[in-house]
């Protein structure tokens, strides 16, 4: 029989206000095996832990039940405290009477009764708990960063700085991401390329960093410290090692009509191309869908021209398997395509553009060499209307947009408006907004400058519709402050579209077994306290894949993720989860049912000799679990018909004891 | 506050329209999109706001309620699924119910028709006046 | 000797059932006979015998013995028994009737099993002579007369009704209580029925079967016979033979934690089971050969040794019909006894 | 047939291909043949019997026989070969220790059905020219085998041997339209209350003799959880309706995706409970939800509960109470 | 007929540690109310839920059993919920086949971010089970007081 101590936490008034903690302590004191039962204001506090430790010592406790907040919060705290007193940490169980009781039930009698039942279930479980000892697993001292935008670049650089190897997997031919497409950055108006490209060069030159560009993650296996990742290096039909990036092929390729995605399709590129001048790696890529040679087998001009002999039309996708200790998701975002907002004319009017398209139209390296010309007739627009919140802040039921605020639009629109007024003072700029959101250092000042110094017309209201008439965009909008409906003849309309997570993020999350929210942003382990970690150990989050953010925030989060990775890689060994499966060889049939459902390949079989009846021996095939590989999901335990396979810490008996305690009538 | 006085009326309107006025984030897109804007004293977003604030009397007294074409553009475009047109319809309905009698009969319609009257207006008028 | 006309059969059942529970063989949904409680409209089965034997009435498959309640460190023992109500079992065949004597020899000797005794005292057994014994029947081997079964009352089926004879005081009481439905009966009709039964009995393939090769004092001779291995080879170790057997009397005692206390109950056990007589050190018979041997040695040698040569088998033939792999006591006895 | 089998058994024992033969030995009556191991030609000569009453599926005995060493010849009917493959897939038997002789099967006879025809006092049964002549103490009766064929054989799913080393008789085909799910469908079409009544009526007869489990070639656990006092769910007798349900649900679940539908459970049940209807429900569900799957057909196939598809049906969408 | 107590069901909810248990935590920290009849048992993954546990719960007095896990594809252990889904699909179908009310069992996929869904699901499930009344078809009378 265990000697169990029960500790009821008040959590200030969080629990005590709805649960009669004294009554719970009293009720649980009568449970079999309970030798000590008390309540305390804050069990997680230093003095609360001391109280528990003293009770363990004084009452020679062999098991502890803490009725408090979620075990996801303080289970580790209490286990550590118990361990300091010489009690095996796995002899501590938590009854969650805060999240599952006091916070959701209002009636004190009802809440108290439920708290007692949950406490009873925990006691019933502890009776069957056994001391567990965690094993250890080694750490592969290399990190993988998925995504080569500013988030991935910063994370990789910081990890490499600490002396660890980092691989970046980027699906595009070059790293740089969205920031490479941006013209200027708010609120300082630095040139984006001027601050990004040196970092890209740093990455290229850092010998700890290996870039897999034009590559995608194919599969992820393993667990924290020991991931095995297959990377698909897509065939770019150019030998990366031989290509010097001279660009000759990209100039001479006869296929000139391919829309240039880097410039948002405003101009064209060749079938063999380097996305932009500062691309890293600066290597050409053949776009097989558009290459005449690849499609018809006739041409081959680039191969003839290439002095380095880098062109290889027969190149195949290549699967590279690499091992990592940690993985960082930095999969970034895309602007929402506003084609569901018919009334704003994006699909029908050439001169209705998104903000990212405007960036290219204003960029010195863009299709217009930095002169703002409208796409339809290449003339200077004189009246420009900006529409805010396109696809952001929609009702969750609204299929056209996202429920969240995209966070960066107010600032970049202010930037755009300001830059246009600066360069073309004869232009009228209207910004239709719902709210102007400018929290951030020097952000509101920046916005006020747009209004006060640059005379941008900020109008509280929304654009109802945009119709093209004879080359003019008829904008109908409301001005809520004056109560008028406005009709503006505009030359260019710019939509501040919502940001959305990159489409690849969902499948990557699945491979990483990292959870996502309904918007496909990665979920953090704790919204406040662990914002750069995924709930899955060894998976970290960097940049917009976790939620909308601007460049400074992205960079700081990228560094934070790097710090977490470094903290992990600095360890030589990780403590394994001791709650792993184990097979009772006396019961094992060797049928392989468990092996088939094990996602980790942790189960192996061997023929072993057993004592048979009447001094005979017999050889049976039995399962063995590799405890360092097993992650403790328990799939095998249910697949096993004989009950030979069980899970430590969550055994059949333990779970049934909880069921019994809960259902007790 | 005028809330209490009109609480029953507000509740009636909210119930019959099924509109959750609290969802409105005051973007004004409904009003921006409204083709009858010039005809209306109170505009769609104001309906939402005023119902929320309990200012039903002003709305029922206003000719605005008869100006709405029920074209549902505001409902279509509202990013928050507030559906102002339903609300306007509900206010209108509350006025009609108060009057009690049937105000437009199908057989009266032919006499009222002229060439410029859009079909939609006939349909809306019938919806408005024949309750 | 009394007679019950066919027309009054239902009234007879109703009269009994009005005072106490009456059980009789009734066809179940798959057409096999089960002892079932009589209610108005219940029709008696014409089957030769029930799938389960009549021992269930005195030694049910599961039976609660006592309850425990625990409060802190105190354990309270509660006798949860309820006094058994009077009941009548109608239509018990000669073999099953003979099995009660075997059960009695186990449960009614010191220490008396009060649970069993209670049921025996309250039960009245009405037996029925067999009309058409089957090829699996071999009660004759044990001197049991299918045409003249024991019991408190014996019943014979005759052309136009039933002949009844009270054998005991309980039987007399039962017939007295239903006297107004009965008339005087003629022994001759019984004798004719008996003759017919005995004639059939004599023609059946197991007629004349003797268990001479087994029995008292044969432990040493039979225990190490090599045939046990081959005989038991096909045994599945299930409990079918045991559970349909009218004489098997082994049970296991188990505790069930209800969450609010413990129920201690007993349930039939089978010596064919791997956990039969499981003890702290393990099992004393840990291969199927040993378990198989135990079952037959018990019925054919050990029991006769202690009971003046009476075999622990009544020849009902249920195990012959029911064993999934058709291994049975007749095959065993013949193989060991050299009687082919 | 019997003579051909005996001849092969002699020959293979004589030439040392096998050490033992697993077959059937004669019974007390004409219909109660017992599975038996024959160790030499003499034993085969004196004891080996094969006829339409040799119904037992011998594959399960191989688990035990493989542990005894040597090489064993086993005679398997088409349906038994599926069980054999399943045991092979689960590493319960060793292929290289077994010599499989497939035997053609026209369906087995059920003596219960003969008795249900009112035929009593049986002293012998002979088969000739497609007719059984049943001798009884009351005289001889001629019956057609089709009239007394075992229920499971009437819904035979396959006359094809999925595994064998040699074959006696002709090879058959998988029976495409075997209607074996008709009764399951009929039950499914009932209301829940009717189904509940049906199953209570059946399962309440259970005496927990474990015949179904112990004969089942899929139930080869070293120790069944219901026998293991440490499992927390051991039961020796079904004390009440819950335990009856529990045992049969869990047993069916444990063999789900593994049961080959050999029908032995129902054949041996002393209470004639149609236990195969539980297993067939799982088989039918697996076929419906996850695509046709026949356990034992291919020993390398992944069992339906050992794999998944990303778009598998949700538990809430499967059959039943959708209304 | 005095002292007729309103029927309050006993509901056992098996929640996977990574998604649904966290979802329950979120429901808690968001103060989303659901009936106290629901009692949660934490399991590492939905694939840890053995049909034995579900029957056990009914035996011991549960009136409804719900299993909640990560959304298919989001399993912390990659594939656990896929296996769990197959097992529960078959088990529930079998219970239905035996005439045991299917509405007493439910599977729901609830992510760590779906506190609202957790509360909504539990409210619905409790309402459904309350409407069904006491579990009679899978009860064990020995366990009743």
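Order of writing sets the chain letters: A, B, C, D and E. Residues in each chain are counted from 1.
Quick note on the criterion: contacts are C-beta pairs under 8 Å (C-beta built on N, C-alpha and C of every residue); 3 or more make two chains touch, one makes a residue touch a chain.
Worth saying up front: this structure is predicted, and the values here are computed from it rather than measured.
Taking the definition of touch as given, a chain qualifies here only if it contacts chain A and chain C alike; those chains are D, E. Touching chain A and chain B at once is no chain at all.
Chain nearest the geometric middle of the protein is E, using mean C-alpha positions.
Two chain pairs, C-E and C-D, are compared here, and C-D has more C-beta pairs in contact (counted per touch definition above). In this assembly, B is the chain whose CA centroid lies farthest from the centroid of chain C.
Chain B and chain E have centres, each the mean of its CA atoms, that are 46 Å apart.
Put simply, the C-alpha centre of chain A and that of chain D have 53 angstrom between them.
For the pair chain A and chain E, the distance between mean C-alpha positions equals 29 Å. In whole angstrom, the spacing between the mean C-alpha positions of chain B and chain D is 74. Contacts with at least two other chains are made by residues 256, 259-260 of chain C. Annotation for chain B: no residues touch two or more other chains.
Shared interface positions of chain A, i.e. residues touching 2 or more other chains, are given as 597, 639, 652, 656, 660, 663-665.
Counting only pairs that meet the touch rule, the chains in contact are A-B, A-C, A-D, A-E, C-D, C-E, D-E. Within the complex, the chain C residues that touch chain E are 256, 258-260, 263. Within the complex formed with chain A, the residues of chain C that make contact are 70, 72, 257, 259-260, 286-287. For chain A in complex with chain E, the touching residues are 70-73, 96, 98-101, 103-107, 110-111, 113-114, 117-118, 121, 509-510, 513, 515-518, 523, 535-536, 579, 597, 599, 631-635, 637-639, 647, 650, 652, 655-656, 658-660, 662-665.
Against chain D, the residues of chain A that register as touching in their complex are 586-593, 596-597, 605, 612, 618-621, 639, 641-644, 652-653, 656.
Of all residues in chain A, only 30, 32, 613-614, 660-661, 663-665 touch chain C in the complex they form.
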